[in-house]
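Each remark here refers to the structure printed beneath this line.
Per-chain numbering from 1; labels A, B, C, D and E assigned in written order.
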Amino acid sequence: MSKDPALELKDIHKTFGDHEVLKGISLEAHDGDVISILGSSGSGKSTFLRCINLLENPTQGSICFNGEALQLKPGATDLVAADMKQLTRMRQKIGFVFQSFNLWPHMTILQNVMEGPLHVLKRPKQEVLEYAEYLLNKVGIADKKHMYPNQLSGGQQQRVAIARTLAMDPQILLFDEPTSALDPELVGEVLGVMRGLADEGRTMLIVTHEMNFAREVSSEVVFLHQGLVEEKGTPEKVFGSPDSERCKAFLSTAF
Amino acid sequence: MLDLHGFGDQLLQGASITIQLALSSLAVGLILGLLGASAKLSNIKPLQWIANFYTTIIRGVPELLTVLIIYFGATTVLMSIASVFGYDEYIEIGPFAAGVTALGLTFGAYATEVFRGALQAIPKGQHEAAIVLGMHPRRKFFRIILPQVWRVALPGIGNLFLVLLKDTALVSVVGLEDIMRKANVAVSNTKEPFLFYLVAAFMYLALTIVSMAVVHYLEKRASRGLTRG
Amino acid sequence: MELDFSVVIEYFPRLLSGTWMTMKLVILSIVLGAIVALPIALARISKNPLISGGPFAFIFFFRGTPLLVQIFLVYYGASQFEVVRESFIWPVLREPFWCAIIAFTLNTSAYTAEIFRGAIQAIPEGEVEACKVMGMTKVQMYRRILLPRAFGIVLPAYGNEIILMLKASALASTITLLDLTGMARTIIARTYTPIEIFLAAGAIYLVISIAVIYIFRLVEKRQNRYLGTLSIKVPDKG
Amino acid sequence: ADTVRIATEGAWAPFNYIDDNGKPQGFDVDIAWALCEKMEADCKVVTQDWDGLIPGLKVRKFDAIIASMSITEERLKQVDFTNKYYSGGLRFLAPKGKEFDLEKLDGKVIGAQRATLAAQYLEDNFTGKSTLKFYDTQDSVYLDLVAGRLDIVLSDELPTYDWLKTSDDGSKFEFKGKSFKKEDEIGIAVRKGDDLKDKFNKALDEIMADGTYQKINAKYFPFSIY
Amino acid sequence: MSKDPALELKDIHKTFGDHEVLKGISLEAHDGDVISILGSSGSGKSTFLRCINLLENPTQGSICFNGEALQLKPGATDLVAADMKQLTRMRQKIGFVFQSFNLWPHMTILQNVMEGPLHVLKRPKQEVLEYAEYLLNKVGIADKKHMYPNQLSGGQQQRVAIARTLAMDPQILLFDEPTSALDPELVGEVLGVMRGLADEGRTMLIVTHEMNFAREVSSEVVFLHQGLVEEKGTPEKVFGSPDSERCKAFLSTAF
């Protein structure tokens, strides 16, 4: 393997209508990196994360995955994928965990987790089943596998969503505020699972408001402000002695 | 079954025709409804126009008139199209085919709205969760979206089916031998309108009850796991 | 077969007179239907089965059977009996117009009652409790809060019902009334131009429906400026 | 050869009606079968609402109408007719014992079947004077006459003759005045230019000649209706 | 006047199906008392409050208002009012403010506030109008009086709801988590209004999760646990040195 970063984003811009939400953000993630993305509400964190796998189309910029550039071509207002096959392939390697879980309510927990590897990756059923059960066990809800999402608490649902993402064996995991839709008591369960993933050496990009968590698990912290990277560095640096006044102010209210 | 002056059997035959008509129209209407809803939600303007035109016309014109127009008009239209291709024979549009066409079109127009509402009711996140797995759009539609649409749309569709069931009576006006027509024949033979129309009414009521039970069962099945247990 | 729309022009005045008959049928039965529907809806809401049972059966019968059967029952069915023909109601029942009005009114009142009920029950429980904690009596609660509140909720469904009634009124043609459809069929009996005349009649129905839809949209917009959108499932008719 | 599809209405006893097996029967239907036999044609008799007969013929839903249809100028614009196979006339009908001055029917309620000669006669002569009501079937006309919604009915004499004689309700009614429009000739309608017309005419001559027609006639009426 | 307590509840029980939510709660409120009711979610606080004016029918127990017992008779599963007139009269004297405001959306703010005194108490229109305007002024939204509820923020709506309740001149005010449906920024406005009412010497029963507020305004604090009064006393006592372990645990997580 070369030493290409697993993910390399360059100068990502995104405009909604007249409103430029991202004004040129660059970021590199190497295998094993855990990068936390902080910033106040509306600073563009979600938008940035969603641009990575083209849930939002950036208006400018480039996205490289293991050194391979995602082919983009100009669309009506923004850049769209030029090669759907390539995009689909990349998406399969980039896992995404949503704030609101987005489990499929008409499928059982097990079906939710198996859907991807079975029907998208077309792996053999027995293998997928075993792996799904292993993952559900790992996130601690193996006993609920035949239940439906709505029968689970939010924390349990989010753990299923993580298992569903892991089942695709993604090289990188993106998390968009995975705990902010949860009641305070349930947050812990999900953070615990995520901490485990970090310890395993998984590559992760995490948008979060959980400062303590970010400080503990991150190898790098990025602070966004008004669509730009305002501060960036090790957690010690960013949390301990941030250069930026805004970052300082943000952290002081957050703790 | 009551003898009903010897017309009991005929009324039962009529019921069988009514059921066939309703089910065939349902099949046609569901397909039209899904197509219509997809067209309305597509980004393609001409498709939206066609779908809007279709639903507006059908929903603004009496079902009786639709039946009459299809019955008298469809053959003409079909034949003039056929004659362009050099085919000059009679193309049969019997009362049954006309009924299925007219009722299917009507059902489809209303179902379009039901499906559209249901499609829009599926949260964006459901689509996104499939997209981020790299799922093919067609697969996403059939495995993730449609099963959920079906659940949301079922009550509306069930309602429309009950309407359809009653609308089948209109096809008797162009001579389909359904419950209503058989009742008319019985009335003209026996001069007992009250009895036979009441019997017809209760036959429709029975069909309604059965349909409601089926819809209820389907709704329960479809919402498995969707309500907190 | 070519279409010859000159017959439409020739017979247009007669189609208009049919239209007028259609309007009379629809307006009268909608108004009467609403009046009948309100007490039925209120009785239907009652938790006491002795009170809600009758309305339930009434609604079930009229929503579960085709309007065509209902019209025939009223028009031909009732007149079969000597007793009816000799009673004081015969002068009404012998007129096809009133038979149509009776059938339509009963039918639309069943649907309208369901719409009213849906609207009243769609009012969030909290708003009802807000009435209770204030010490309102049941009558005050309905008169002051629930019915006015339901009015706003009912609008879309009720507009729909009017259009459905408009279309259902075409069935009046089966009992000799010269409504728009009846007139069209009579004209066709003479001219043998079904497509032209039916299309013309269809166009007239369409214009009326669109007008009704438009008016209701306007009223609704005014209503919902403040109300937000709270709507109910519409029971449809056949 | 191809099947000849013959349409009749099925609500015009005794000329055509539907029996309790759901089969069309009656004078028209008997004539139809007799003609088919002579023509050695493969026939099918279908029923069709009165209003839909001529439109249906024109769009080839069927090939001929044997449904006691009068030959009129208006219809001739749309279809061809064979020679007559019987002739009828119109006659008023009302409750027994009630006096009517047939010259003065102003304000009375008169009924007839929609799209028939009778309906047309009423429209041409009584519009604006009497209340006219048109029905989908002749049966409905009788139902309303019995119910008392109609004061007087105008219809074809022959089927009404049968109704007066054979039905329970009929015994309470009688003809008023003479029959008129005797020139009313009943023919078989076929599409314009269709050579079926000649075949039917030939077959008609044959059943007239060999007595088949007279046998059928006698089955329904004690007098000749030709 | 005698020295009867304004409100006296004795041994209130409430069962939903098989689930006994209230297991015998007694409480007295004298004129001028401000009683805060605390407890974890599901402990039965709302149910208890709603039993007071029979929004829920208790299954057992008695309710006295100024020494007058509310007539109850056994219904299908619980006790129901025996005398609707009496209940109606009592309800007019007991104000209730809901968590979710429950304003009538088809009426303007002013109409909402005037409805009760005008049509229930049948007071003269001019007088009611003046009083309504006075109250709206007091809760700080006089300028919005011709707007409709949906045009107001949650905090504003709750203030209208309080004004609507005050307009009936109730002798006692019941509040069921009046701020918990509000965004954090809006909570302050409503608590401010309530603090004013406490200072005026109004008799109030308040179910709340706002501990600081409860500590400041209450004359008595009641802590419910699993349908029973677990701890009860002055705020100093309950917040400072609670006897019950459960209460201690609850308070420690709450702060």
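The rule we apply is simple: contacts are C-beta pairs under 8 Å (C-beta built on N, C-alpha and C of every residue); 3 or more make two chains touch, one makes a residue touch a chain.
The structure presented is a predicted model; accordingly, all values stated were derived computationally and were not measured.
Leaving out only subunit C, the chains still linked to one another by touching are grouped as follows: A, B, D | E. Counting only chains that touch, the fewest steps needed to get from subunit C to subunit E is 1. Path length between subunit B and subunit C in the chain contact graph, taken as the least number of steps between touching chains: 1. Between the chain pairs B-D and A-B, more C-beta pairs are in contact across A-B. If you lay the C-alpha trace of subunit A over that of subunit E, the rotation comes to 170 degrees, to the nearest 5. The most distant chain from subunit A, with centres taken as the mean of CA atoms, is D. Taking each chain's centre as the average of its CA atoms, subunit A and subunit B sit 45 Å apart.
Once the centre of each chain is set as its mean CA position, subunit C and subunit D turn out to be 38 Å apart. Within subunit D, the positions touching two or more other chains are listed as 55, 59, 136, 143.
Taken residue by residue, subunit B touches two or more other chains at 72, 76, 79, 173, 187, 191, 193, whereas all remaining positions touch fewer. A list of each chain pair in contact follows: A-B, B-C, B-D, C-D, C-E. On the side of subunit C, the complex with subunit D involves touching residues 1, 76, 79-80, 85, 90, 94, 96, 174, 176, 185-186, 188-190, 192, 194. Of all residues in subunit A, those touching subunit B in their complex are 53, 55, 88-92, 94-96, 98, 100-106, 108, 115-116, 119-120, 147-151, 161, 164-165, 168. Remark: subunit D residues 51, 54-55, 58-59, 74-75, 78, 111, 114-115, 119-120, 123, 133-136, 140, 143-144, 147-149 touch subunit C in the complex. Of all the residues in subunit D, the ones that touch subunit B in their complex are 10-11, 17-18, 20, 22, 47-49, 52, 55-56, 59-61, 136-137, 139, 143, 146, 167-169.
Subunit B meets subunit A in the complex at residues 123, 125-126, 128-129, 131-136, 139, 143-144, 147-148, 151, 222, 224-229.
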